[in-house]
Amino acid sequence: MSIATVFEIVLAAVVLGLGIWTIVVRETFSATVGFVAYGLLVALIWVRLDAVDVALTEAAIGGGLGGVLLLGAAARLRDADVMAAETPGKVVRASAAALSVLTTAALAGAVLLLPDPAPTLAPAAVANAWATGLSNSVTNVLMAFRAMDTMLEKVVLLLAIIGVWSLAPDSAWGGRPGPRHQADPDGVLAFLARLLPPVGIVVGIYILWTGADHPGGAFQGGAILASMWLLTIIAGLADTPPVSRRWLRFILVAGPCLFLVVGLVGLLFGAAFLSYPPALAKPLILGIEVAMILTIAATLGLLLAGAPERSAKP
Amino acid sequence: MSLVRDMITIAAVSAGAFFFLAGTVGLLRFPDTLTRLHALTKADNLGLGLVVLGLLPQAGGLRDGLKLVSIWLLGLLAGATVSQLIARAARHGESTR
Amino acid sequence: MTEFLTAAVGFVLAMLALGLVSILRGPGDADRMMATQLIGTGGIAALLLLGTVADVPAAIDVALTLALLATFASIAFVKKGLPRFEADGTASTEGE
Amino acid sequence: MSGTTVFGLCAAAAVGLGLYGLITNPQPLRKIIAFNLLGSGVFLLFGVVGRRGAAAGLGNDPVPQALVITGVVVAFSATALAIALLLRLFKAAGSATLSSAPMRADPDPSGD
Amino acid sequence: MLPPATVPDAVTTSCGFLLVLSIAVPVAGVLLAFVLGDRWVRLVAFTIIPIVLAIVAATVLVLPQSKGPLVYLLGAWTPPLGVALRADGLSAVMLAATAVVISAVSVFAVADFRPTAAEPRAPFAFWILLLAIWGALNTIFVGGDLFTLYVALELLTFAAVPLVSLDGRPETLQAALRYLLFALLGSVLYLLGAALLYGRYGTLDIVLLSSRIGAEPASLVAAALMTSGLLAKTALFPLHLWLPPAHAGAPAAASAILSGLVVKGSFFIIVRLWFQVMPGLLGFAATQLLAALGAAAIVFGSVLALRQERLKLLIAYSTLAQIGYLFLMFPLALDASGYLESGEALAGGLLQAASHATAKAAMFMAAGSIYAGLGHDRITGLHGVARVLPLSVLAFAVAGIALMGVQPSGASLAKDLLLQVATETGQWWWAVVLQAGGIFTAAYVVLVLAHALASSDKSVTLIGPASRPRDIAALILALCSLLLGLVPWEPFLPVPYDSTSSLFGPGTLFKLLLPVLGGVVLAILLSPWPHPLASSARWKVATRVLDPFRRISLAFGSLVERGNSVLCEWPAASISLLVLALLFGALMLVAT
């Protein structure tokens, strides 16, 4: 057994240990913290699997935004912790454990018996990269070969926003999401909220820009921008915008809109829906990505902010 | 030349690993929140700094080097501010435990 | 060199795991909130070493993202984790 | 035993853990966390599949990677929606539980 | 390495662009309505709906002319690297049924979700989500790639969940949360299966997979996981914990969409999976299990429907039973060599899906009108409602008659097809279940109608004005379902014989009388509520004869109810999900 394998086993053990902690620990808050740690460490596995694009996504979502989302809920539901004493009985737990183990075993068997050499589309993706002029194959798959999925996924994000907003009380409809945070303007938090966002914005844009040829892209960049936006909100330096604002609505659909328009232009004048003329492919894709990073940042930020709670009028 | 680089890397990374060890021992041994926080932020940030220092000779170019340093700076910034916030939280939150 | 760095990753990872065990056990929420801090240092160190071992230069970008977001998560931890306490004189007026 | 095997087994175990948590944890928030764990196991499986398909100078097949990124976005939106629902339920009902209250009392069985 | 892909249909056919438009136009509507906001959403919806209707009509008209399915390669990339859209006869049937139902529901909802109403939130969400559901369903019907189908499935769930909790009451919020969590569990299992399939075969394209797939560990595990995940989303018994509260709690127009259309999305993916991707894997035992679950769903759903106090819950439980009916086609479609044949059984199943979509939506719409008129929907309080809301009751009656399989309804044609195959393959037990399903359906329809048509001592006062356009929309939809059997299905589905010839024969009368009479008996025996004729003298005589039977049946009914409340607990339902997954895996392993 090589030292690399030992390392991999250690990594897998740490990650799984955190997973177990997350499931079995009694207190919800501890479970949430455990899951955030899990999410951050899974990024290590993704790097080890040489899937850096996913590692970036997992770091941004699994650990960062997802963690904050879960943690906020855990904090608000803290009092509900005591009430839910309806833990299922031993029989249920034992059968659930047995069935989960069986499922895992079946899955593990199927994984171990996967063919060698494995089927792959990597050569096809590389061979067709000329059509876009981008050398990051993952971006090519997302933006060209399987662009339809990406576009629909952006609509999923939009529907999530609509779903969250539809939970607003009628009196707060069109108002601002989340509580208003106030902070001491000279405090540590405000200091950090002034210092970090400029750095974060640079990093976010860098991740977007580098995504053309290296790991990165609009989603990962957007997640960083969203967290910087939220930081200024948490520190009380900014407030969430009222959801009825037209400009906000426009930002929230800019990405999928541009995607759809480019797609339809391709349908009318080009080779097919969502096909790019090779000469224009790179600028078009980058243009869509720029629109998308704004949309994603706004969407993720608002998803974390929650349903409108305060009427737009003070 | 590459030997010198590797020597620097080995030395700095080993020192970094030692500080991580020290930080963890502190976490395990220290009795209360504030001292553990102390162990965590001081020792681990030093460990990270040494690892970054050790990896600088292996970095591909100026850009990677800059990124490495800024990662460390971010870690320091977070350590300095967040540990202060947590410390206050811990002191005020003792009753809510 | 690769062996040395791999061993170093493993070691840092093991320290990280031990630290996490100690932190997550508590006793208070403030202790648990150190978890992201710990990952923000130990996890990033492991990631950087790993990136060098596996020759994945882009791992630095992941580490950069992680550093930014671990900071952000820590702050959200403090703000949201202890709602009854107003950290740093900040208050959140719940709009309910 | 290669790295992909280790992580493949890790993915399967994460799926099992997530399933167990999703079944047995009574609080909805814990179910949501378990769902995320389950999802991350599924994504890891995609990652392992992609790693096995490393070719043409790429360390990981880009197609599964792209699928994972799409999947992560979808799972995150799902989490956000579920938490928004949960918080709203908590606010409206004062409790956050999924257990069904008895639908109605047993009706009078006589027909006349 | 796999050989380079040779897909038989790796070119875009002419008119394939219609498929893109059927997805892109509703999506454009969603985006536009979201930006323009409160006052414009309804206008946008009513601009988009006719356009999509025209696109679907064009697709349905063009399809018979083209040889084979319509194909569109997105971005001009061929699978496996790219994604294809394909429309065959099955897609066309479901596209058309969806278009009809959505149009009718939108007419029905015009008044309910007026943007000028005091509450701007609900209309905003409703109209956008309606368009989103349409786009998602169209994607499911024409998607040619398993991952695209996954995204579409999630799109569908994300659009459906907020509809459930549109009124913000705690019960509906809880129903929505249950629905969301269980649906997420289902879709993550589906995704897990997709990961295994990609790992084994290097593609997720339906046509490519069907040519590569074989009975191997990866494909068996994948098939078991995907099937059970989709069953959870379809709410097949015993995975139905989320359905009744979700469908009964939503506003009427939303219930019509949820019950009529949304569950058909995951059902359609099951059909695609089994009939196209892996027709050889399911095997005898697994198909029998699927249909047995269907049969159990019919019994549970119908018995529970008869015991409901509220009309909307009755209809919701009826959906549970009807979903079970859809799964009876699987064992019947199995040919001698263990292959699922895309023949008459499949045609019957799809027809049943289409007629249920129309009839169930009409029923919910009628129930919504009755609720709006009376201010309640207690079944025992419906006496005399036929006099004040004749059109609503008529729409309910027509939809109910269509659903129980009276000539010339689509359900009747479907039943004929399935019965015929059952006779041919010698599976008489499914023929019994099919007939019983019709009788059960008749039972709860008769029950409601008996109460609605009974005269009332008091005069019934309406709290809201009856809305004629609403009732007419429901009635038209119900008539659609009743006349589906007359549609020429031949270009789309393998429906071999001309059903119109037997429209007025003695068989028709038998087909009408058997379910109705059986239904009357069942309704008397199984419904615990006071009978509308309870005060008449004749009833007293009947009571004396029937009473012992009735007591036994009612005891059976309450037993079913108790069993159901156990199954509807979260741990029980999710454990059954895993049991089913493992069972399917084991049965398929044995079969191959």
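In order of appearance the chains are A, B, C, D and E, and numbering begins at 1 in each one.
FYI, a residue touches a chain if its C-beta (ideal position, glycine included) is under 8 Å from a C-beta of that chain, and two chains touch if they have at least 3 such contacts.
What you see is a predicted model; the values in this text were computed from it and never measured.
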item: Reaching chain D from chain B through chains that touch each other, fewest steps; value: 2
item: Greatest separation from chain D - chain, by CA centre; value: B
item: Chain pair whose interface holds the most contacting C-beta pairs; value: A-D
item: CA centroid of chain A to CA centroid of chain C, Å; value: 18
item: Mean-CA-position distance for chain E and chain C (Å); value: 48
item: Approximate Å spacing (C-alpha centroids) for the pair chain B, chain C; value: 10
item: CA centroid of chain B to CA centroid of chain E, Å; value: 58
item: Per-residue overlap in chain A, given as positions that touch at least 2 other chains; value: 4, 48, 50, 65, 72, 76, 88, 92, 96, 99-100, 103, 107, 111, 114, 118-121, 125, 145-146, 149, 153, 156, 159-160, 163, 167, 188-189, 192, 196, 199
item: Multi-partner residues of chain B (each touching 2 or more other chains); value: 70, 74, 77, 81, 85
item: Interface hub residues of chain D, defined as touching at least two other chains; value: 15, 19, 23-24, 32, 45, 48-49, 52-53, 59, 63, 67, 70, 74, 77-78, 81, 85-86, 88, 97, 99
item: Residues of chain A touching chain B in the complex; value: 188-189, 191-192, 195-196, 199
item: Residue ranges of chain D touching chain E (in the complex, touch as defined); value: 15, 19, 22-24, 28, 31-32, 35, 38-39, 42, 45-46, 48-49, 52-53, 63-64, 67, 70-71, 74-75, 77-78, 81-82, 85-86, 88-89, 92-93, 97-100, 102-104, 106-109, 111-112
item: Chain A-facing residues of chain E, complex; value: 1-2, 12, 17, 20, 24, 27-28, 30-31, 34-35, 37-38, 72-77, 80-83, 119-122, 124-125, 128-129, 132, 135, 139, 147-148, 151-152, 154-155, 158-159, 161-162, 165-166, 168, 173, 192, 196, 199-203, 216-218, 220-222, 224, 571-572, 574-575, 578-579, 581-582, 585
item: Residue ranges of chain E in contact with chain D within the complex; value: 81, 147, 150-151, 154, 158, 161, 165, 168-170, 173-174, 176-178, 180-181, 184-185, 188, 191-192, 194-196, 198-199, 202, 241, 245, 307, 309, 524, 528-531, 534, 539-540, 543, 550-551, 554, 558, 565, 568-571, 574-575, 578
item: Complex contacts: residues of chain D adjacent to chain A; value: 1-21, 23-27, 29-30, 32-34, 36-37, 40, 43-45, 47-63, 65-70, 72-74, 76-81, 83-88, 90, 95-97, 99
